[in-house]
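What follows is a set of structures to go through.
Two complexes follow with chain A in common, the first pairing it with chain B and the second with chain C.
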Partner chain A sequence: MFFRKPAQQQQRNRWIPIAIFIGPVMVYYLAFMIYPFFATIYYSFNTITPVQGALTTSFVGLKNYISLFNDKVFLLSVKNTLIWSVVGPALEMTTALTLAFLIYFKVPLHRFYRTAWFTPLLVSGVIVGLVFRWIFNNEWGLLNASLRAVGLEGWALNWLGRRDTPLMVVIFVHYWATFGYSMVLLLAGLSAIPEELLDAAKVDGASLLQTVMRIMIPMLWPTFITVLILSFIGKMRAFHVVWALTGGGPMHFTETVATYVQKRAFGWSTLDLGYPSAMAVLWFGVVMLGVGLINRWLKHRVEY
Partner chain B sequence: MFRKIYTLFAVVLIAAFALAACAPQTVIETVEVEKTVEVEKIVEVEKTVEVEKIVEVTPTAPPQAEGGKELIVWWSHWANEPAKKAMVEKVVADYEAEHPNVDIVLTWWDKNPLKDAIRSTMTAGGEGAPDLVYFENELEWVQAGWMVDLADALPWDNFDPMAKLDGTYPDQGYPGIYKFNISKVTNMLFYNKEIFAELGITVPENYQFTQAEFLEVVKRCSAAGYAGVADAIGNRPYPGVWPVQYALFSLVGPQEFDLYNAGKKAWDTPEARAALEYSVALRDAGLWPESFSTMTIDEFHVYFHTQRKACMLYIPTWYTGRAFKAQADGGQDPNWHFGMLRYPAMDGGKANDLVWAGTESGFGILSTTKHEATAKDILAYLAQPKYGALWTAVTNSPSMIKYDVAADWPDNDTLTALNVVPGQWDWYWEEYNKVYGGLELGIAPTARCGGFNDVVTSVLNEGLPQNLVSVDEAIEALNGALCQ
Partner chain C sequence: MISAADFRDVPRLYRLRVRGWLAKVGITLPLMLLTLVVIIPFVWMILMSFRTTAEILNDPFGLPETLRFENYVKLIFDPQIGFGRYFWNSIVVSGGALLVTLILSTLGGYGFGRSRYDFKFRGWVFGILLFALMLPPQIFYIPQFTMMSRFGLLNTYWALILIYAATALPVSTYLMATYFSQLPSELEDAAQIDGCSHLQTFFKVMLPLARPAIMTVTLMNFMSFWNELLLAITLVTDPGMRTIQAAMMMFVGEHGSNYAIAAASLVLSMLPTLILYLAMSDKFIEGLTAGAVKG
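And then the complex of A and B:
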């Protein structure tokens, strides 16, 4: 004999596996994402001071936030990060889109290119930083050695020891390391465009350029916006490459908000997490604002 | 049916999580097991039982001592300095042999990750923190009550008097002594004898150029295609500051220099300006290597002793930690003998006959330890004169622990067991004693507040040597960040 279980019990039974599957992830998420997030907000309104053998947390209201606007290094790091978040995605999206089309249209050796262009992404940011520190070494670095070898002595610069070039170098290295990711996402977007549409365009006599401009790019636009936002967020939080390549120097010329938060939190001979927390919270707001603006400006252009 | 499969899968997943959580503990115990095997085979059975018990009951517990021993966890830096590791491991082995009820677990770290780990564990209440720990001059650790006062724990008569002047902060309200100083640092200046001979540079009889002569030496080196000094800042926040510090020390003497260096005195004085302007003159003469901005500390050692692309090297006595190791590991040729110089005599300098001395990072005890008495006993044990001699013999660094060479110097068997070739570096010590031996040391610790330290790094270490900032701008920045 078979009996159907009561509906309530069935409902309960259905929750058990759901809880088992989601539970560990939720615990992880709550412990390592949600709690630190709210703790950071909490600490940003406080100062933690060691006094006579104990850590004391004192509420200081908006003092940490106000101090940020008088902190020259913070303002410089904001400027650097904003420059990067404009230049970086522009460079990255242009290259990634071009390369994605090249691979999509199966130019000769396209399989090799796909692998080659994606490979930098597989290398750790720290390793990338260290390798490029060698490449940009003023004395024996690959770049300067090559320039000197072809008689361009004057172009061989102390790339990481000047006022004007270090930020460009860092932006370039990060771009080199990450454009493959954007390219792959865009390639996936291109591959998802229905073949029928392209065939129909061909039948209607559309040229390749017309097909790209009138069909493929509009169809790719939602993916493009997503990739652009990911790229923008990546630049706003850039850390590893900078840390390994320049450490934010010289004289904070390559400092980003992320590296400065790290320095203030762990390298400032203080145990105060309040001030760096304020930086992190403020920057979180700026990133959210930036993402919102990108969405607002570009989303309405999604038309088919 | 599917539900059962899902449930089964989930159970397997959870079991996997549980096993993964247990994994690190197993690794730690494996280390313990190996040690036991070396000492006594009979313990084999106990070993197995111990591992099982720990995995089952306390999978996240810290390392446990075997057989009811008292476990002392010791986190040390110097992960990349084999001689220092060998010396400390020898002391640990000796202590364990004399105290069979104590088991010391040493973990070697790089300095920065170690500091981050201490901050994390101590701010979280000290769970998992070690008993003995690296300590340099982290005033905030003392302010937070993390460090045990060692004033009454060590036989201070065994130490150079300088030891008690470092790791103490009476002006901040912390008059205790929180640091066990094992190494005494002398800041030195080396030169390449072959290059000097090639360029016809003669070292004065007292090994000290005048300010102007030294500048001329740098110019001649640069003109011949050599860097004045090999030092670079690729991964360190201080080599670029050395010319300023050496000059300022000689100009004003140790006490006043300490005030400048610690951010307690404004830099808009004639002396500070003179030191900064002299460093600029040296820079413009070609003091720094072309790779100044990117060369790491290990690389600039090699640049000096193996590549030999620089005339000189500003360096403290911890040069030996990186240079006096196997050549295959980046060490120097033991048969290549460089020379030593006193700092340039600054015009009107008050301390031209002194040597700037300080301390290297040492050890302390964390207040969360449950084994304070034993931890203190270990440090007191380490303070024996024979270990001062062993430190010098093995690491080729001066020791803060006083010793009698005749009575305390280790025998050749001991040294050989620690991979030391007896007599290999005697020439180094002869040179050291010849140049610096008769000079008085002037101590100046380098504890600074974070803001001033950052400006010293960005302006003096990075900016001034690379002509990114003027002397006036440097003074303004330094004065704007003075410690309260």
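And then the complex of A and C:
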């Protein structure tokens, strides 16, 4: 304090540690995430093809976006993903909420359940996809073998080889892999509700059902919305499980936007990075819109 | 933010009263059924890995006649399969990406988390960092590919290390910043009075205090790096450089008929996460749920 530096120099010194700490992460992040984000948008207005090893870019305006709406496979993949993003979270949130309450109220064996339901989270999407690809195998899969063993031959469908069932299987398998996650998050939300509140309700003579409906669910609501959004985004971006389970097949019946982007960009030899970029940009908009709608419609429903 | 840290002390005052054996059975039966649906695929996968493909095809749910380890032995020692190579690739990639993530996110988290380093547009800058938090990877990965291609890094460990670390930065920095912001400033002040520079204070005093958060970030990211597939098949196409997840996809293609070997590879590939989980399951659940940030 005795040797106060001139104000300007002090000001400059203040920025040095900030630059040291925040600089690296921001520079890295701008280079490897923000630049690619804008580059994807730029790509989407161009045709980008490799010519003699180097990528050549030519501006095509909105052509990619217009072609999207004439691309039957893309429209099918949008339809599949949208169905999934409604059915999946609905299924997941209802069961996860019920199960979280049951565990919160300590049903017999609740510790065992919590550990068991959490295990699918540990394994990769590839493992989940492959194991269920075998379970649903037509000839020797566990499901059909079991059905035949108990005399239900008629029920033993070619689950992954038909027109109607594969998308249901994909939805189920992803649900199998993720409901435990939503359950654990909701359970954490329930545990964060202050005990005094529940105490007070009990003293006032509230029944269990009243406490759940009037206090716990409203208190849990913000967490519920967060978990719902996470679940929704999870379905919109899911790639691993689908890729390993069906690869989008048969005949694109389980194609999702994520798998189709991958095929158009790197799988098929269509050799154009602009077109899949347009898909990615469009899909980014749809995801943002979905999250916005969930927030808008549900956020203030229960608060009073 | 949702924290799973406190869910071991669930209050007991509203224990669901399950009286009488009928009620007990009524509630236990459906939950047990659900648990079976969750567990059976694992059990079946492990059983498959101890059998031969012929056995599996003949009788899908038979037990292994003898406990044979030949699938595992073949996987590990058969040079034509080269599973060890893929395992090693995954270790290098996950470990490398983790190192980059930890260095950048602890530094950044400290800068963003401590009020002494506040500046005018900090909120905005932090907001930019959190922007990518939950976006679909599709919106980034095509230019990430062309970038790596331009740098000549495709089919090297570097491509995956650099991009994995980038995708992990938002949530990791966020968690580190939250943790650092909760630490008291007395130690920091004392260190500065003793003449430590900003970096010395960080490395000698504050970083050691952040060990729990570092652990969380490590577990969370290790899992997602180890299990990643989309970038792994995009940035690396050379068979020898594949990560374990990409290699397993290849097994089903190439060794398509050999389900027994494939099952054994699935079991082996989940060992690292399984061991970590068994060693510290609570920390692990916390790490996996810490990623659920309000957004």
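Keep this in mind: the second predicted complex is superposed on the first by the 271 of 304 C-alpha atoms of A that agree within 3 Å, B and C clash if a C-alpha of one lies under 4 Å from a C-alpha of the other, contacts with A are read in each partner's own complex, and residues count from 1 in each chain.
Operating definition for what follows: a contact is a pair of C-beta atoms (placed from the backbone, for glycine too) under 8 Å apart; a residue touches a chain by one contact, two chains touch by 3 or more.
Since the model is a prediction, treat every value here as computed from it, not as a measurement.
In the superposition on chain A, A:Phe37 makes contact with chain C only, not with chain B.
When the two structures are aligned on the shared chain, A:Asp204 is found in touch with neither chain B nor chain C. When the shared chain is aligned, chain B comes close enough to touch A:Met251, but chain C does not.
Which of chain B and chain C touches more residues of chain A: that partner is C. Contacts of A:His240 after superposition: chain C is touched, whereas chain B is not reached.
Contact with both chain B and chain C is seen for A:Trp140 once the two complexes are overlaid on the shared chain. Within the superposed three-chain model, A:Leu102 lies in touch with chain C and out of touch with chain B [touch as defined at top].
Once the two complexes are laid over each other on the shared chain, residue contacts for A:Asp164 go to neither chain B nor chain C.
In the superposition on chain A, A:Pro17 makes contact with both chain B and chain C. Across the superposed pair, chain B and chain C both touch chain A at residues 14, 16-17, 20-21, 24, 55, 133-134, 139-141, 266. By the touch criterion stated above, chain B contacts chain A in their complex at residues 3, 6-7, 10-11, 13-14, 17, 115-116, 119, 123, 138-140, 143-145, 173, 233-235, 289-295, 367, 448-451, 453-454, 457-459, 462-463, 466, 468-469.
The touching residues of chain C, when paired with chain A in their complex, are 2-4, 6-7, 9-16, 18, 24, 27-28, 31, 34-35, 37-42, 44-45, 48, 56-57, 60-61, 103-105, 107-108, 110-112, 117, 119, 125, 128-129, 131-132, 134-147, 149, 162-163, 165-167, 169-170, 173, 198-199, 202, 223, 226-227, 229-230, 233-234, 245, 248-249, 252, 259, 262-263, 266, 269-270, 273-274, 277, 281, 285, 288-289, 292, 294-295.
Those residues of chain A lying in contact with chain C across their complex are 14-18, 20-22, 24-26, 28-29, 31-37, 39-40, 43, 48, 55, 99, 102, 104-109, 112-113, 115-127, 130-135, 139-142, 145-146, 149, 176, 180-181, 184-185, 187-192, 195, 198-199, 202, 208, 211, 222-223, 226-227, 229-230, 233, 236-237, 239-240, 243-244, 257-258, 261-262, 265-266, 273, 276-277, 279-281, 283-284, 287.
Chain A meets chain B in the complex at residues 13-14, 16-17, 20-21, 24, 50-55, 73, 133-134, 136-141, 158, 160-163, 247, 249-253, 263-264, 266-271.
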